[in-house]
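Have a look at these structures, which come just after this line.
Heads up, the next two complexes both have subunit A, just with different partners, subunit B and then subunit C.
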Partner chain A sequence: MWNEAAGTFVFYLIAFFSIFTALTVVYTRRILRAAIALACVLVCSAGFYVMLDFEFLAGVQVMVYVGGIVVLMLFAIMLTSSAELIVDRPSFQRRFVGVLISIGFFFVTTTAFWATDFPVAESTKDTLFTKVSIEGEKAEPLDDVVELGKKLLDYGPEGYVLPFEIISLLLLSVMIGGIIIARKPPQLENKE
Partner chain B sequence: MVELLSNNPPGIWHWLILSTILFSIGLYGVLIRKSAVGVLMSAELMLNAAVLNFVVFNHFVKPFTIDGELMGIFIIAVAAAEAVVAMAIFVAIFKHKKSIDITHIETMKG
Partner chain C sequence: MNILDLLSIPILNISSSGWETITIAQRAADALSGNSIELTIFFLILCILITVSMLAGLGMVLIYAERKIAGHFQCRLGPMRVGWHGTLQAFADVLKLLLKEDLVPARADKLLHLGAPFLSILATVLGLAIIPMSPSIQVIDVNIGVVYVTAITGLGVLGALIAGWSSNNKWSLLGAMRAGAQLISYELSATLGILVIVLFAGSLQLSEIIQSQAEGWWIWRAHIVGIIAFFIFLIASTAELNRTPFDLPEGESELTGGFHTEYSGLRFAFFFLSEFVNMFVASALVVTLFFGGWMPFHIGNWEAFNSIMDLIPPAIWFAGKSAFFIFLLMWFRWTFPRMRIDQLMRLEWKILLPIGFANIFLASLVILTKFHF
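Right after this comes the complex of A and B.
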């Protein structure tokens, strides 16, 4: 009982903290503070993944998002020298439209959830931290990383080898594109 | 208090509404931010909410599989790629125009 109570408490704690920091990301007038708040949101999300038993994804999240993307953003903020800058508040009209659209989106999506009956599996209906075995299915908790590696390179109908290859090509092209866009423009000395 | 907490563990609803809230906040940020880096950060919030949704459905609808986790890893990879290109573009625009205010960038041509 205490275990489940602690799980629920931790869920609400992290949820409210992540919503608060997400609001900081969009509200603060200092762009550097927004980047730090974004790092907090991403760490909170890693906590969510741990609560949902996806430890490997949590590790990827911390390494790639917090360690990579946020640091990249900090670099971009420094390079565009807007670290000290305090941006103006957006105009009232702009904020009004933004609130209207996002609240509208929230209500439409929540209504769609409400109208849908999700086929929630029995085993996870009332446990958060413990996977209870169910009859007829693979009951033992699977070894995530081994399964992930097998699935990524599987040619079969359940495999993900094509997206894997596409992602590798995407990363290569992004690397080349990033270098070409951000480098110094070539000196035009032999123009005449 | 402990009774209340242990009798109401977060179900699929709580998680879905949480990720919808995060997505809506990201949408709001994309709409109101003027700085290009701010817009990109809000877009990352939205991507993060999408990953959370995949993982939640994986956990609650199809436990003992890892397809949602795999999609999450793919989304994170694409988000990283997107962030790299966007940052390169911002730096290039800043070199050219001395500002990354998206309301003042009307043209992509140098």
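Right after this comes the complex of A and C.
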């Protein structure tokens, strides 16, 4: 009994905090506060992953989004604005369009959730040639990092090595592009 | 449940037969699923007590040690007046900090200015919670240990950045920018150092990394690769701690006090405390990854020597090893001059990072060819 009660309590705690900070991102007029509130939202979603017993994703979420992307945003804000700066309230037209778009987005996502059937995966067993699902037995969530790593680098039919390599190539090209844009233009040699 | 049942719980069941790790959070979870809420609350309070007492106790001890060591390195005695050999000096320091006025600059972003020290200390507390101090003294043991450590370092960066920006002072802002740039850069090298050990241990979990060193510590078993990884990790974590020779974010001769220039009283104490306790966390990580954590020191098949070493409890092994690395960090601070910002960036991006990448490649070759002890 206590187990479920504690779980539910923690879930609602995270959920309310998540919604509160998400609203803060939109409503605050100080831009750095918005960035910090965004970091809180991201930490909250990491909390949900922990509640779903998937700690690896939670760790990566905090590492990449909070430690990487939010810090990058903070740097950009720090280089461009001051602590005293307060952003003006948006005009009526902008708010009206914003409300329309967010209602539309809310409608689309909720319909997508209602319309989609989320079947619980059935646990599989290995036969000689293929994997066969066992009727009526729920699959256990796999949170083993070793298995995850093997799957990521597996070049069999169920492996993900191709997308993994394509993503790393993409990142490499983005990084080289960034360096080329950021470097100083080559000095013109003095002509005699 | 009466009090006698509580006392009979094996809180310290250290047996030499199996080094089974039972964390306190694990005990709390077991109690919760066993439907005894009293026991759960007891263990949760124990979790909080351990981290808080570690935070306060370590802070005091390390501040005293730093002042004493600094004194002796400079051929003075250090604090001598308060108590025997100045042992009560730390209490006096804390009392002074607590009684100081808490100032907030008039044009600062008050909410963030007040909140930043808490973010800093939060990262430290989360770091303390995962440190395996002995098989039975560890608050949580997540199975993604190393990823967790890297993630909370990111939280620490946020604290420094927010503190510097919200103070609305150019010295603070410059200090924060330096701290941020330095932490983000050196995090890469630190992670590369850790990854070598993850490759050898085959696990991300800190307790399993320690268990994998039962045959010998990784600094010895992984020979050359391990030693290179150790040096990379040590240098990178010194930089992440903002300690000399990498203390540019504070750089009192250039920036007055860096990102915490505008802080006073208790809030300054929070930054100070988190910096000192982070030093312990970093040393504990070095010990866990490379020096066998709480494992005793064994030499080959010297049976008599090994069994004498086994008699010393794991917690003492752990404390001794960490104390040595804390001393090493203090030694660095009082012997090396401060680097310039361009030297700092050059060291990371042009020296440490390429060595780190080459080292991790070499480490995978060593593991594939089983060319290690």
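As a working rule, the second predicted complex is superposed on the first by the 149 of 192 C-alpha atoms of A that agree within 3 Å, B and C clash if a C-alpha of one lies under 4 Å from a C-alpha of the other, contacts with A are read in each partner's own complex, and residues count from 1 in each chain.
The rule we apply is simple: a contact is a pair of C-beta atoms (placed from the backbone, for glycine too) under 8 Å apart; a residue touches a chain by one contact, two chains touch by 3 or more.
Quantities reported herein were computed from a predicted structural model and do not represent experimental measurements.
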item: Partner chain in contact with A:V60 - subunit B first, subunit C second, else both or neither; value: both
item: First, second, both or neither for A:E4, with subunit B first and subunit C second; value: first
item: Dominant contact partner of subunit A by residue count, subunit C or subunit B; value: B
item: First (subunit B), second (subunit C), both or neither touched by A:P90; value: first
item: Contacts of A:M73 with subunit B and subunit C, given as first, second, both or neither; value: first
item: Footprint overlap on subunit A, comparing subunit B with subunit C; value: 1-2, 6, 56, 60, 68, 75, 77, 79, 82
item: Touch list for subunit A against partner subunit B, complex; value: 1-2, 4-9, 11-12, 15, 18-19, 22-23, 25-26, 31, 34-35, 38, 41-42, 45, 48-49, 52-54, 56-57, 60-61, 64-65, 68-69, 72-73, 75-77, 79-82, 87-88, 90, 94-95, 97-99, 101-103, 105-106, 109-110, 113, 118-121, 123-128, 131, 137-139, 141-142, 144, 147-148, 151-152, 160, 163, 167, 170-171, 174-175, 177-179, 181-182
item: Touching residues on subunit A, where the partner in the complex is subunit C; value: 1-3, 6, 30, 32-33, 36, 39, 55-56, 58-60, 62-63, 66-68, 70-71, 74-75, 77-79, 82-84, 143, 145-146
item: Subunit B residues touching subunit A - in the complex, by the definition given at the top; value: 2-3, 5-6, 8-18, 20-29, 31-35, 37-38, 40-42, 44-45, 48, 51-52, 55-64, 66-67, 69-70, 72-74, 76-81, 83-85, 87-92, 94, 100
item: Residues of subunit C that touch subunit A when the two form their complex; value: 32-33, 35, 37, 40, 107-109, 111-112, 142-144, 147-148, 150-155, 157-158, 161-162, 164-168, 173, 176-177, 180, 184, 187, 202-204
